[in-house]
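Each remark here refers to the structure printed beneath this line.
For reference, chains read A, B and C in written order, and residue numbers begin at 1 within each chain.
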Amino acid sequence: MVHGKEFTIQTKGYSDIKDITGEVRHIIEDSKISEGIVTVHAVGSTASISTTEFEPALNADFRDQIEKFIPGSLHTRHSETWGDDNGFSHLRATFMGPSMTVPVSGGAPVLGTWQQIIVIDHDNRPRSRRVFVQVMGE
Amino acid sequence: MVHGKEFTIQTKGYSDIKDITGEVRHIIEDSKISEGIVTVHAVGSTASISTTEFEPALNADFRDQIEKFIPGSLHTRHSETWGDDNGFSHLRATFMGPSMTVPVSGGAPVLGTWQQIIVIDHDNRPRSRRVFVQVMGE
Amino acid sequence: MVHGKEFTIQTKGYSDIKDITGEVRHIIEDSKISEGIVTVHAVGSTASISTTEFEPALNADFRDQIEKFIPGSLHTRHSETWGDDNGFSHLRATFMGPSMTVPVSGGAPVLGTWQQIIVIDHDNRPRSRRVFVQVMGE
């Protein structure tokens, strides 16, 4: 069985972190799939999917850290060539990857107590970000 | 067909690297699945799954490199707020991601000769780390 | 249904980036699978799979950035021990991960307009790189 659903979420960009665990749980419930996997995918080349303990202090730490790694002020050939000023967003997204697949068991994603599924939008402006969730199993 | 199994592995924390290729191979064999995929997932928000050439010199290089990237001594709002001193562990885990999916062919994971499946435990203490392995296919 | 295919692609190494979206699309078309997922996996421990807006300026930016993160000149115990001088290649690959899974819908991978699937070969020499693509669904 395969059950897919796309939703959009409003983000502020600049590696804004949004907790989408609830949305993913609901899509798995709608699928009636008990055992399998769920693939969570950020559509576009400036966002990433991962997990974290979703709480404000750690979210701020993460944004600090990625700003040290690939600064928003980074001069890039991409921004110079295309004038869209989001070269840093693309680099952050390619490093982290756009997708994640997590086991589903007992009709729910297999997660730790303090582990939430997140989309991180690296773009340099607020966006309506598309997330596609594909559930497979039986 | 779907076949899932969770196991635990003892780690030392601080990005301790454990080779779990044998465990993953055995679970695939038990599943009787010949062609498909295997999702390997570290349960919790302070560990990662990847592949490496598993040998002591490279493992030490990896720990050096991640210590340069996100030091264990990093001051974080998370540690300050919650007093658990493992903000750096969370940041390492979110950057690398908790999961990996690898093709299965001929009843085995598709890997290079020098490519082993690893769990990296970034937490700041020894742990009994849960790993969930989901095999899907036919 | 499961449909797998391996192909090889010539790379220059040193985090050379190749667009493999066309190959992945063709394998999905050959599979006759309309809804499901595709797992794209670089066989070996010195390459990664991700997505990017594939264009020359951004590709050069990416190589600059990964060179700052883990320089090709990095002294590693791995290179010292084994004499193959590609410790940096392994470290880059383990950080980024060897695999990616993307939803398939309407017989095509779910991607943004400016989002291409890429293999990044981090090794320190030209290689014929194996990529295994596994399509699953219905």
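Points to keep in mind about this one:
We take it that a residue touches a chain if its C-beta (ideal position, glycine included) is under 8 Å from a C-beta of that chain, and two chains touch if they have at least 3 such contacts.
Please read these numbers as outputs of a predicted model, since none were measured by experiment.
Interface residue usage between subunit A and subunit B, two copies of one sequence, is largely distinct: under half of the residue numbers at the contact are used by both copies.
One rotation lays the C-alpha atoms of subunit B on subunit C, and its angle is 120 degrees to the nearest 5.
Once the centre of each chain is set as its mean CA position, subunit A and subunit B turn out to be 19 Å apart. Across the assembly, subunit A contributes 37, 69, 95, 97, 101, 136 as residues in contact with two or more other chains. On subunit A, the positions that touch subunit B within their shared complex are 35-37, 50-53, 55, 57-58, 60-62, 65, 69, 95-97, 100-105, 110-112, 114-116, 118, 136-138. Those residues of subunit A that touch subunit C in the complex are listed here as 1-2, 4, 6, 37, 39, 41, 43-45, 69-70, 76-78, 80-82, 87, 90-91, 93-95, 97-99, 101, 130, 132-134, 136.
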